[in-house]
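The same chain A turns up in both complexes below, where it pairs with chain B and then with chain C.
Presenting the complex of A and B:
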């Protein structure tokens, strides 16, 4: 019970700040439309006026529908991107504003602060993804071939991996005291290794094993299989199993990283430094 | 005399920006790493469409099979667009947040001179950065340029000066709304996309092509690619260069007038320190 009250307080505080600056909602409406735009029209230009280049893409990706292909990839990327900015900047902002130390002095489990940010971020992501799907249907003629519920299940199973990575990331930012560069690096790795806009078959052989170890690759693959080709639970069981196991591992690593950083920061007294 | 004072102020602002920039070396490194992180996925995307190592489909729209050269030129021009927009708009927001904007406005240096000063360091770093990134991308992925670099620079210059007008407009918007990130990010992204940073605008839906053609930056991308890569251009290159010169004159005049108006509005309202 003692952990739930601070989590709720952090969520309440975060939502109050967000509602006080409602311009974020405008970017929530605009980004799902404009972010895949570049990839989609680049793919259109690359496919040419005749079908030979598109046939080449189909032979590797298994589909000629590059629009749905990009939309799924970019949505997962965007989810991770907002999570990284949120986790990276939340504690860092408190550090810069000078409120992190006073928050740390509260007689609550410190992890509840991070859980509070997670719940708040998860709610925001749910709104973002729902809005994205709606806009994709209107502007990009997006359709579910498979089950939307199974797609939702894939997203839910991906949550521990995404937020486990977020916990590690938040701890790292407290260490290096620099959020921007870290976000650029991690989201760059995701966009290169997870096949956000292209089939992984085009990667050089040394890059392929790395991409298979990143959970987002499996989220994107499973979502593409379900949404574009109507794959069932049996078809994506391998991906789901990987997401569950990697979720447990990343969550544990995230908690360990946070507890370690917390102890180190207390010993060094570096919480307020920037 | 006045000009000399302005130059001294610009020099002081450049010195201050350089000091802050080199104080955070991780940022300096990431300014080179980040464009490569953006270019790499598009490189792999182009590979997925290649037939025998060439982007045949792409050449049907653009006149070249060398998509990487097309993309790198687009990225370089975009980095200059971003430098002006972020250098002007975001620096104002930064000063608002840090609480020094009011004291800066109390100095006898006009706001437009302060804004130019802030964007110059950003432009210098962008030039160094763009050349480094182009070299690294050439090493990593390879691309060919036909020649005409001097002519490409001559084409880029009026566009850059014109962008200052746009920068004044963005700075005005930031002053009125007290919101920088979203405005700059979305405007910058839309401008780059609609003017053909990474694809020829002829692939856009018909309804969007008039918007794209109405953006003078489109002709900047197109003319520079035409000169360096011999791509198919929308209009003859001298006509596109003429449009850019016209854009430069109108852009600077309109941007300056808007900024003066907003500056007066903010001074009357007294809202520059609000956030």
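Presenting the complex of A and C:
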């Protein structure tokens, strides 16, 4: 049996279940508009009503367009946030539903279940990001200075890092059986170290090296450079290389974490534990 | 080619117990709980093999090891000649498993969608899947509500979907863990009839239950398990025949206490005593196993009357599997 069959089946099943909760789509539409407001208003307050302090922001951020700056940061944060809640918590969710063991009884490579969840979440994120861009254009006067295709390429190159982290996270959550505190911890780290709402230049010196090791920092930096200042592929080649290498490493670590957790769960008998 | 569908040899499962002292401190000394203790048995092709025992006896742990969900500490489980630990994927292709509880299927999907999903996860797609799903929905009397979400189904219907799910890939061997647990009597009866029909198709069934009537009615052979060990294994008829020198005397009494029990235990020939209070009838039902009991019935009655106890009813029963269990362990299956 092709591994694609279980992957596609998981995607179809998850979308069917998701469509049974229509209220979810309302937040899907509203959230991209309201979520950046808090950050944009904070930036507006700090830059002064007449944008008198923007020169300082420009000197460290490379742009005066703090709205686009915030929109890019919050969108990437939200992508990671939804990935952690849905894909990262997927195995735990199956365990709580009571269906994890039923899936494990199917003659398939078990990793295909997690791949199915990642594809399902990736499709959801693509829709979310596309919808966000559309709404940003309408409500925030969002414009691409650089190439939209290059921005899309950055997102695609970021996928292995985001979902590699998701593989590790999904395995860990199955282990510790508590998703909430783990999501808060990981998204907190992303929020602080990746410069979601501020340039990394404002970080204390001990934090800066850490932020450089987090792939999301490079995704955000590259997207801001392309969208706000029109950077080209040559300008962001360093970021792209880091994303490719970190993506490979995180995916491998994610697969290792999954296989180790699967083996451990079979020994402890914890697949069916609530 | 082996004539056994399932061969279990010296299977053992140990779990490490983590005990806590207060909020944070954990006992450094590791304790081990033996859930399954060196059990061996074979299930012949085409038979229903019942695993009978109280809750916590090791039934579910055993079937989880057979169905590859749990790695044994030692010993082997062989399915149609295939080792469960070494080649789990091949084992899963010939096994259909229904685990205990009604949450093994997706409540937010319809019955049909559940079967579509699990068919695909077993490599069955397209027209072949649709034909199979329609057949199973009709056969299990689910067709009229096949397109409603499972959350609206009764417990019996959910269990039938779980059984249909296990049969979707046409497995040679079916493992059923407490299949009628939580069902009302009529639904349980219907499910037992379905299980017998499935057996008639030539499938091998390994069934766990703590209902003695169910084990008696369905099983060709039974293994009685307690504290992780198999303590008896034979056909239901032979297991009961082993008690043919034992009379099962059931007394319904107004009162029952430990001093009366000690007094009765002192009568020669009394082997085991179990008692339970019937809340509805407001009386005690005391079951006494006596060897060659006819000779000692007078002693029994005299002793009870001497305690000023009122005998409401008295009867002699044929041995059941429950009596076999009491005879072997000195306790009831319900304890």
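Going forward, the second predicted complex is superposed on the first by the 268 of 274 C-alpha atoms of A that agree within 3 Å, B and C clash if a C-alpha of one lies under 4 Å from a C-alpha of the other, contacts with A are read in each partner's own complex, and residues count from 1 in each chain.
Methods note: a contact is a pair of C-beta atoms (placed from the backbone, for glycine too) under 8 Å apart; a residue touches a chain by one contact, two chains touch by 3 or more.
On a predicted model such as this, the values are computed, not experimentally measured, just so you know.
K.L.:
May I ask you to decide whether A:46 touches chain B, chain C, both, or neither, giving the answer as first, second, both or neither?
P.N.:
In the superposition, A:46 contacts chain B only.
K.L.:
Regarding the shared-chain residue A:98, is it in contact with chain B (first), chain C (second), both, or neither?
P.N.:
second
K.L.:
In the superposed arrangement, does A:20 touch chain B (first), chain C (second), both or neither?
P.N.:
A:20: touches chain C, not chain B.
K.L.:
Is A:61 touching anything from chain B or chain C once the two structures are fitted on A? First, second, both or neither.
P.N.:
In the superposition, A:61 contacts chain B only.
K.L.:
Once chain A of both complexes is superposed, is A:6 in touch with chain B (first), chain C (second), both, or neither?
P.N.:
second
K.L.:
A:188 in the overlay: touching chain B, chain C, both, or neither? Say first, second, both or neither.
P.N.:
first
K.L.:
Looking only at contacts as defined up top, I'd like to know whether chain B or chain C touches more of chain A.
P.N.:
B
K.L.:
I'd like to check the shared interface: which positions of chain A are touched by both chain B and chain C across the two complexes?
P.N.:
Common to the two interfaces on chain A: nothing.
K.L.:
If we count contacts the way the header does, which residues on chain C are in touch with chain A in the complex?
P.N.:
My answer: residues 13, 15, 61, 64, 67-71, 89-90, 92-93, 95, 97, 99, 101, 103-109, 113, 117-118, 120-123, 125, 149, 165, 169.
K.L.:
Within the complex, which stretch of chain B touches chain A?
P.N.:
Against chain A, chain B makes touches at 24, 26-27, 29-30, 33-34, 37-38, 40-42, 44-51, 55-62, 67, 177, 179, 182, 185-186, 189-190, 192-193, 197-200, 203-204.
K.L.:
If we count contacts the way the header does, which residues on chain A are in touch with chain B in the complex?
P.N.:
21, 23-24, 26-27, 30-31, 34-35, 37-39, 41-50, 52-54, 56-57, 60-61, 176, 178, 180-181, 184-185, 187-189, 191-192, 196-199, 201-203
K.L.:
Residue numbers of chain A touching chain C in their complex, please.
P.N.:
1, 5-6, 8-9, 12-13, 16-17, 20, 97-99, 101-109, 263, 266-269, 271-272
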